[in-house]
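Order of writing sets the chain letters: A, B, C, D and E. Residues in each chain are counted from 1.
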Amino acid sequence: MLRTQGLTREFGGLTAVDSVDFELDTELCSLIGPNGAGKTTFFNLLTGTLSPTEGTVELRRDGQWEDITDASPHETASKGLHRSYQVTNVFPNSTVLENVRVAEQAHSDAATTFWRNVDHYDEFTERAHELLDRVGLAHRAEDLASTLSHGAKRKLEVAIALAGDPAVLLLDEPNAGVSSESVDEIRDLIEAVAEDYPVLLVEHNMDIVMGVSDRVVVLHQGAVIADGPPAEVRANPDVQSAYLGGYEPGSLDDGTTTGSDTDAGEGTA
Amino acid sequence: MNSPVSAETQMLLPTVETMVGVLYFGLFAISFDFISGYTGYLSFGHAVFYGTGAYAVILIANGKMPLLGPGTPFMLSLLVGGLIAIVLAILVGLVSFRLSGVYFAMITLGFAQVFYVFVRGWDYVATNPRDGPAVGPSHAEGFQIGIPGIDQLSLSIGVLTGDEIALLGSTLSGTEVSYYMIGLVVLACYFAMQRIIHSPFGRVMIAIRENEERAIAIGYNTYLYKLGAFAISGFFAAVAGGLFAGFKRSASPENSFYFLVTGDALLASIIGGFGTLAGSLYGHLFDETVREFLSKAGQGGGLLPYLRALLGQETLDATLLGETTIGGLIDLLLNGHASLYVGLVFVLFVLYVPDGLLGTLRTRLGGTFAEALPAKLWGDSE
Amino acid sequence: VSDDSSMTEQDDSDGGTTDSGTNGESGGSGSAQTVTIGVLQPRAGDLKYYGDQALWGFLSGLAYKGGTEPPTDAGSGEITVTAGDTEYRLLVRDTEFSADTAQTAATNLVENESVDLLAGCTSSAAASRVVTTVVNQAQVPIMLGPAASADITSNSDTCSDLVYRASENTAMDARSGGKYVARETDVSSVYLFGADYSFGRAVVNNYRDVLEAEGVDIVGERFVEQGYAEWDGLLDNAEEAGAEGVVGGFTVATLPAMFNAFLSGEYSYRVFGGFATRITNSVVGGTMQSVLGEPLTEEKIRNSRLGPFTTRYHWNQYDNPINDAFVERYTTAYGVVPDLFSAGTFTGASAIHQAIQESGSTEGADIADALKGMTVTDTPKGENGYSFQSYNNQARSAMTVANPIPTTDEWADNWGAAIMPGEPLARISADETTIPKDSDQMGCSL
Amino acid sequence: MSLLELNGVHTYYGDSHILEGVDLSVEAGEVVALAGRNGVGKTTTLRTILQLTPPREGSITFRDESLVGLETHEVAERGLGWIPEDRRMFSQLTVEENLRAAIPDPDDVGDGLRLAFESFPILEERRGQDAGTLSGGQQQMLAIARGLVGDNDLLLVDEPSEGLAPQIVADVAEALSNASEDVTMLLVEQNLPLALDLADRFYILDKGRVVDDGETAAVTADDERFRRYLSA
Amino acid sequence: MIVEALAEFLTLGELGGVIVNGLAKSALYVMIASGLTLIFGLMGVLNFAHGSLTMVGAYLGGLLMVVTVTGGTAPLTRLGLFFVAIVVVFALLTVLGGAIETTIIRPLYDRPPIYQILLTFGLTLVIEELVRIVLGVYDLQPLSDWQAALATKPQFLREPVALGPVSAGWMSLFQILLGMITVVGIWAFLTKTRYGLYIRAGSEDAEMASALGIDVRQVFTVVFALGIGLAGVAGTLLMWDPTWGASVPLAAETLLPAFIVVIVGGLGTFRGTVAAALVVGMADAVTTWWFQNAIQFTGLPELVLFLVLVVTLIVRPQGLFGVEEVGGH
């Protein structure tokens, strides 16, 4: 569905994404890696928010690979690459419903119509209601988005990304800051949408990653260091040392963990 | 005429002429609000479109517009002015919409001032371009609003050139006819803009104001939407300018292209309620009423003549301190100093009626979703 | 042309306050008449002073005709003056020195107050705007002044049988001052500066025409913004261009900076032009004091190469009973002496009254008819001092040329500036001051 | 007497009633966790203590002194620090300047920076970088460091592990744990095992009220008490 | 014609003169804009009243000079008094600025910037009319420069000085000196003092800064007050410059250039403001030369000012030294 070749992005002297070759099929693939590994940057490259220093991004549409490396964010979005943001990024003074409705509308030709009342387009409103239902925000439809709690906003993020029948879904930490009860809801939600769409998920919650993914890719210092089924990746020693070898309940008391070495090498290139 | 009651009403109420000004300038303020209040891009050089419309009408009437003779119907001149403004808006917008926030405001201001300086020095538009053009003898008759070609459906505007008509036993003066005819055009333009705001296109404009990055990420080419909205708003600003020139029969760089003209529109939208469209008109009405009330020096109404009449000559001549008389003091504080009080009113407004007239009214009435929206501009600052 | 001046004497007893006026003898009908005149002058703000002088001159003219003291309560609003059997209702409106405001006010006067006549405008921009958009549209005549751009009465767009101007204009400045400099001094090359709007352009155009006709080289010409202040470079350029004289067509907004730079630098040319209002005199006088040092002496001023200047009118230049009465009453009423605007507007008022007497009508059109070609009897420049040229309705009158001198003690109180115009160096007779009918600069032939 | 005590605190955002009478107390030296599902008012509680969103009713005392009505900076001067949930970097200031801004006494700058860099070496590497260009996790670390260097007596910590990679969570946990030896903490944390591990006591917030509390030693993360309030 | 002019322009004498002139103008621009930059860049408040406060500063400074200087005052004493006037005006306007901030600006921080524009715009109207009223009472012509104030300038500042082949005015050199003092002072304050750090932190996230114990309100009051004080200092300096001078229109004349300088430099960067003032000052000097010597278009210098703005923003949308939006997280 989506593939990159030699995708690289540098910030000054820092290589945030380092010649990544990656291909996403019709699957739920998780992208994990330490903080600052380049996950969000990778997303920004895919969607055209940032342009790569080198490399290409291609999207498969109607059986054809299409180069979208230089496409702008709105172009990638209209080609079906939808994303949610790591930090909540909604339309704050619009209602929750309007947030989703306007996203839905983006994927039709009606958006440029300026002589007809919006109420004429019931289908967008209906679809928006369905999506809110799906993420469990139906009861807040008429509230302003700015009045939602953090967790609720995350759900709204996902609903906006779902609008307009995406070809690929890119979810950047949809669970960040979501309480455990909602984590389950969102996890269910992710699994459900993965039935319908290819999903690329950035996530730090290993329970979810290991639980839902078909495949896990690990990014470290901008480069892919592992790629495979969850169990295999979990067992990979590189991944262990670079990423997973972290906090275990109870470890604080005996003071065995030291975090400093794992992060020390990051990003000094 | 001389009853005390009439003195008070005269003092308070704006004249019909002022009201005509409220209409066409109100339209300009509405067009300003259309782009600035709904997309959040402050079009600080908006006056350039207003000026374009005004100059177009006068140049056409003076036979100075290529291809168009002095006999060109006014309605067509308005349209021509609007179209020129659209072209201008697109040219300016192509560059300016790469910027946002204050930078956008400043670059549009910069462009407008370049045009202002240019028009002020362009001999072609008037013998003394700095003083601005006026409709010359080649077009002595009034400009007609209505359906071009059909005299029965057209009426002339202008204080001195407007048609007088008899209606239901009373006569409407040229100014009053202008009021209704210009009102019709303004109303039509207002409804057109209102309709656009409530269309899918309009919702994208609001989405841009709320969070442009996200609007892009869900697939809108916001650049084009902004350009479109800018062009539309430029068109209506030019129509407003054309109405102004058609009614006044003159224009000057200072009252059309100058950045303070945009400033007045900004004041109007703020007082009326930013992002409320119609509010801008009320805002301007308020502004004008206050100014007129405070600055009418001898035109029969206003506070100063009223006070003079009320206090009588004896009181006025009474001395206060040293040589100052009460009359002198009133004159010192009021005569020609309307700005002082207008300024005070604005300060109080900003402090105590921040949502503007219409915005506050809507909040009070518990506005619906669409009505609650505009209360805020540019989102919360984080 | 004109026959009687006796009218002014007749109504002394009326005292100008009676409004019934049933005792008017001259009309014969026995009923008093009222004329409503809309007066447009800056009445507040930065240029109120110009408006004061212009309005006071106008009021003095009417009062003189009525044999009364000029009214002092001349703010804005309504003023009534009675002269003979005619009651003048003056509706005074503030123009703020702006064309827009003037247009609005004039429109309003014509439409809502049905004035018979308009009078005034100090800004040339305002004057031509009012003529184009109001006078011609509404067919209400105007007695224009003191707006000085010659263009208004020499350009076919604005000149008409509804537009009269008693006040002196820029062409008259040029034709007297310019000619004098060309003929009586050794200046043979001139650099012209002007403010970039109607008035400044008019000054430069007129000086250019006159000086070229006199065989003087125009070595340069430059328009600058009103209030321009970076004069060093420009004055250097004039020096380099070999100018022996420099003319500045500016108002008080620009002159101080120009004179300041001129006086501070060491330039070999002299600056001449129009000797302007009291306010300009006081600013320039102040500048001279600070640059040349106090006390000012005639010699210091002469060495500064400032002048000679053409003067349209100044209180101390005319010695005749009308002027004496004018200066005295004016000074008593307003506490200052009249200045270069005052004679023109005085004459405008005087002419209007004369026209009403002659035509026996208060209709605007009749007054205009009567003004056509009129020689005005009572003027500060003497009896029959002004006469309207029938080809453009601009009044011609004599002009003078004078040097500035330190203000004498006699006038210190009522002039209030450090310098004042001295005795005239020359007087230019009326028929030499205006643009002749057959000149190619005269675009008006009525 | 408790270090911090809240009694019957009611807080509103505009018309919406968020805290409906919160009572809680924190003793000097402890770490107290505040748990609850999304939107129950945990963040609001912290903001209310700091007087960023002042309460409409109820009392808040710190060392027996009422905080209600004080300005936020006055609250901070009394020794309360805040590690907010969305990091709140001064994004155009460098990492070092962010830290300096948090150290009130110029004489303590050296010690403060040393403490911060020891806890998070990456910050030392990036000390000259604008904070806005750090990755999400790096920013979180900086936010925590900023809370630690302020020499506070009570730290209000809002979801410190949000968005952090597991091994960074460990770093954070350790840093907090080390810090808790000197400083009292009120901790909002979704990661229950971590919260229970760090804290001595816990409160559970639901619909703007404290509905349960207890010693962490006595419970586990899947305890019925949490299930009831934290799960659907 | 143009070629000739170009040849003349490039002679050492002319070019040198233009450069000195440009530096002097830059110094004035930096003075006019620095207060605005502080307030605008750090607090996000667009202070439309900046120009009118500059104008008030010009009149206050002028008043102090006119009252203290007599015809016989020696040049150096005049210069000394001038510096005293600067200090006094700075103090007075700082107090005024503090009062304005605490009474009417403070309630507006939570609102979108547009309200600050409107409020300060209203303030401008009030200040200007008040000044007009006062001037009316004392019969000073508000439109043209206040000559009495100009006259307090020591004679030597009116005189030219030869720097090799270049002839410049002492006034220009004096202005350049004052401009440099201002720039160094502000820069040191912002980067070398704790208070500067607090100002920058508080302007980015007031809530967070206050939670770190920074009294953000006080910081803002101080910034605003200092900004206004600087406006007053600029006014005092302009009072002696014949190109500007104390007059009511000074308010409008300084406001637009000040905005242009701030924007061209890039919001919130003082470094940018200094650079922009140099660019704008030089552009002004160069076009003034061309206007005076070759090109007969009255609006030229003004036009160029706005062209500098437009062109800069086209080439560098964030201004010379502005930061690009930080993307990503």
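Worth pointing out:
As a convention for this text, a residue touches a chain if its C-beta (ideal position, glycine included) is under 8 Å from a C-beta of that chain, and two chains touch if they have at least 3 such contacts.
If you want to know which protein each chain is, UniProt gives these names: A = ATP-binding cassette domain-containing protein; B, E = Branched-chain amino acid ABC transporter permease; D = ABC transporter.
Keep in mind that this is a model prediction, so the values were computed, not measured.
The chains in contact with subunit B as well as with subunit C are E. Path length between subunit C and subunit D in the touching-chain graph (shortest route): 2.
Interface comparison, D-E versus A-D: the pair with the greater number of contacting C-beta pairs is A-D.
Look at the CA centroids: the one farthest from the centroid of subunit B belongs to D. With centres defined by CA atoms alone, the chain at the far end from subunit E is A.
Averaged C-alpha coordinates put the centre of subunit B at 32 Å from the centre of subunit E. Distance from the subunit B centre to the subunit D centre is 52 Å, each centre being the mean of its Cα atoms.
Between the CA-based centres of subunit C and subunit E the separation comes to 40 Å, rounded to the whole angstrom.
Subunit A and subunit B have centres, each the mean of its CA atoms, that are 47 Å apart. Touching two or more other chains at once are residues 133, 135-136 of subunit D.
In subunit A, 40, 49, 86-87 are the positions where the chain touches two or more neighbouring chains simultaneously.
Among all residues of subunit B, those that touch two or more other chains are 121, 337, 376.
Residue ranges of subunit E in contact with subunit C, taken from their complex: 71, 132, 141-145, 147-148, 150-151, 158, 169, 242-245, 248-249, 288-289, 292-293, 296, 298-299, 302.
Those residues of subunit B that touch subunit C in the complex are listed here as 15, 17, 121, 127-128, 130-132, 134-137, 140, 158-161, 173-175, 248-250, 252, 254-255, 297-299, 305, 308, 331, 335-337. Residues 45-47, 49, 196, 222-225, 227, 229-234, 237, 252-253, 256-257, 260-261, 264, 279, 283, 286-287, 289-290, 293-294 of subunit C touch subunit E in their complex. Interface of subunit B with subunit E (complex): residues 42, 95, 98-99, 102-103, 106-107, 109-111, 113-114, 117-118, 120-121, 259, 263, 266-267, 270, 274, 332-333, 337, 339-340, 342-347, 349-351, 354, 376-378, 381-382. By the touch criterion given at the top, residues 47, 49, 72-75, 77-78, 82-83, 85, 89-95, 98, 101-103, 105-107, 110-119, 121, 142, 144, 146, 160, 163-164 of subunit A touch subunit B in their complex.
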